[in-house]
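Same chain, two partners: chain A is paired with chain B first, then with chain C.
Take a look at the complex of A and B:
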């Protein structure tokens, strides 16, 4: 393990700790409004000051971290599950199943992911759960593509034929022979997927289509900072910095994992 | 477990490959199918376990103790694969998954057939390794860490995991050197007689066929041209092709058969060996009748 890989693990562990325990360190209630303290400068009581409604910026940041990470993990897990299932089904059974699934994947891929998510949210209405569903619906296709490709090539191999000759059913074949070769690429894609989901969730929230107030969320915080941009730039810089930090760290982790698994460029970010 | 094949024909992608195969293997019998590469031997094996390539159309009946395999659904067929019919493939290194240890692969197949705990499956896998002469310490070895002979033994252990009553060995061991081939043959012989299973040995090695089997058939261009007792088949073959095939590799020297095997797509309706047969006559332009032992006009 190289030094860079060790640093990467520490950074990812930091994100996990912040997401799990961050709210415990919050000095104030993130939703507590106090008009007399609005736009306060950093102080002992409000380490990062307060926002336009007098809420503690640090507390909101820490709570937002947990919301963001869990939402991004939910997006990725859903996309991964749906995409992997679709890829397995198409690659394993081939024929008409494959043709239909391929068609659906192509239709979904032909729209920009964010546009697709926006369409879904505008149909479902705003809210964190709808945002998660929309982003999962806009991200499952890549996993399906990769899994389908691996399954189609692996399925031809003699040991898969031998397993069929031994009476293995689809479940056994998929579990033991088709998923393991697809797993490394999937893990790498999932890490990039979490990073992208964090950014996409922030975009949705910025547009008012993600979390519903008063839930703290970085994208929503950035949006709320706009009226005070000239006088109180910190309101923008803190959530934006956290967003960039999380996304960059996860991209770094994905890149590190990809290099470790010796995967080529075929893994899309 | 008696196997009886009646009038089996297989088309692959519209091209007729196997034609009118008739074959009977009694319970516990060891039967060899001989023939050169491309004669359709492996396709015959695949049609028995119903794992033909996509676009294949089998006709005829494959009776396993009276049940027609061609009439079963894939689900019913899956229950027979491995449990009633075991199969050993030609290249052991490619018939094992490189990502799992040999022992766990055997245990996986054990659990496929028997509802046992993981621990019991591992114990059974170790037993099968012992039975096939693989040191039990190699349980955790990955396929690439084993020699070809050991890989072949593991493949045989996997084929035995479901206690099959019929074992199909498709060129098992042919990819190994002669000494290892003989050892694999001896192993096959011992496990087959120990489990009292029938053996369908598909090979182009007369030596192995003679050592292992009591009866055999010679295939040419998708047809069985002669079926007989093993000594008879190899010492006094009657069909011209069988005669020339046996002569081709006789100890007195290598005598190739003139001409090449016909293309399946452009085969005439007559005797398939006619273009290369030194005894061909006018009547050979019509398909010769199958008398149950020789497919020839004479």
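Take a look at the complex of A and C:
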């Protein structure tokens, strides 16, 4: 393990701890509005100052971290489950199942993921759960495509053919022979998936289609900072820094993992 | 070659049909009665009666089954008629074609700029892997990929628009208002292109024909920019389709932030107002553009690296 890899593990552990336990260190209630303290400078009571409604910026940041990371994990887990199932089914059974699934994947991939999510949310209405559902529906195709590719090549190998000849059922073959070779690519993609879900969720919230107020979320905080950009740039810089810090750390982790597994660049997208 | 072209064209038409179906289906499950929404748009909230809603439903063919509606909509869409918007009663296709030019303007400028940054950086960092330029480029690439357009856009606004006061921060008034949206889009785009080019360039530089060129005493400039560049560009062109999707995604944000009157902003506004005909039109146009670019890049990649055709 290289030094850079050790640093990477520490950084990822850091953001996980921050997301899980951050809210415990929040000095104030993230939703407590106090008009007399609006746009206050940093002080002992409000370490990072307050926003346009007099809410504590630090507390909102810490709570937003937890909201974001759980939402991103939910998006990735759902996308991973759906995509892997579709890829396995298409790659394993081939024929018409594969043709139909592959066509659906191609159609979904013809849209920018974020636009797809935007359309889904415009149908479902804003809200954290709708945002998660929309982002998952817009992200499963990439997993399906990669799994399908691995399964199609692995299926031809002699050990899988031997297992088939010995009468192994589809569940056994998929679980023990087809899923393991696809796993490394899936893990790497999932790490990038979490990072991209964090960014996409922030963008949806920024556009007013993600979380609904007063839920703290970085994208929503960035949107709320816009009227005060000139006078109070901190309101933009803190959540933007958190967003970039989380996403960059996860991208770095994904890249490190990809190099270790000797995978191509295509798993990053 | 001709067979390949026809196959690509047929595939593109087939996918485009799927794109239209997906757009229609996504909005068909939307809650609420479209006839009621149309009636409200026409008569105002105060003026609607059950009778008027039924009349609107009849006029717009909304009492037919969904499948019939879909075929009718598809038929009209094929002739360029996408219906009228609900918020402002203008023809959707007219509104979109007005704004498409504006979106194309920033998209094309951003692509050009990002290639101008990414190609030299990618080549030079592949030529000296591990050296300072390569390190700097890979850190810049990481940050570029991990910074969402909203952050880039607002940070640029803060520095160049508000602190330095050099550039306008919103609207579309001449070339200076093009700078910030284009920079935002190009930053994200360049990061990924550079990464891809670096990886494929390193692979190409290990090939025997490059070593042979060095042995014959070609100057390094010729080797890097002429001999190695063409095969190294093939994988980059291959992902250009995915890049284009990313660019459209970015243009939606950038247009919303900088109040740029393009299709992306129209889509966001329509999504917020739930103007379904308008959303449908925008999605269709975006989807078709992506299908077109995807098949175009497939053909171009096959030209750059003929080995791919056999697959």
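We adopt the following convention: the second predicted complex is superposed on the first by the 267 of 269 C-alpha atoms of A that agree within 3 Å, B and C clash if a C-alpha of one lies under 4 Å from a C-alpha of the other, contacts with A are read in each partner's own complex, and residues count from 1 in each chain.
In the analysis below, contacts are C-beta pairs under 8 Å (C-beta built on N, C-alpha and C of every residue); 3 or more make two chains touch, one makes a residue touch a chain.
Computed from a predicted structure; not experimentally measured.
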Fit-or-clash call for chain B and chain C when the two complexes are aligned on chain A: fit
Touching partner for A:122 - first (chain B), second (chain C), both, neither: second
Contacts of A:106 with chain B and chain C, given as first, second, both or neither: second
Partner chain in contact with A:219 - chain B first, chain C second, else both or neither: second
Touched partner set for A:252, first chain B, second chain C, both or neither: second
First, second, both or neither for A:195, with chain B first and chain C second: second
Chain touching more of chain A, residue-wise (chain B, chain C): C
Chain B versus chain C as contact partner of A:31, first or second or both or neither: neither
First (chain B), second (chain C), both or neither touched by A:243: second
Overlay on chain A, chain C to chain B nearest C-alpha distance, Å: 21
Of all residues in chain C, those that touch chain A in their complex: 14-15, 18-19, 21-23, 26-27, 29-31, 142-143, 145-151, 154-155, 157-158, 162, 192, 195-196, 199, 239, 242, 245-246, 248-249, 252-253, 256, 267-268, 270-272, 274, 279, 283, 286-287, 290-291, 294
Sites on chain B touched by chain A in the complex: 49, 51, 54, 78-83, 86-87, 89, 91, 94-100, 108-109, 112-113, 155, 158-159, 161-162
Chain B contact footprint on chain A (complex, rising order): 94, 157-159, 161-169, 172, 176-177, 180-181
Chain C partner contacts - residues on chain A that touch it in the complex: 103-104, 106-108, 110-115, 118-123, 125, 195, 199, 202-203, 206-209, 219, 222, 225-226, 229-230, 233, 236, 240, 243-244, 247-248, 250-252, 255, 264-266, 268-269
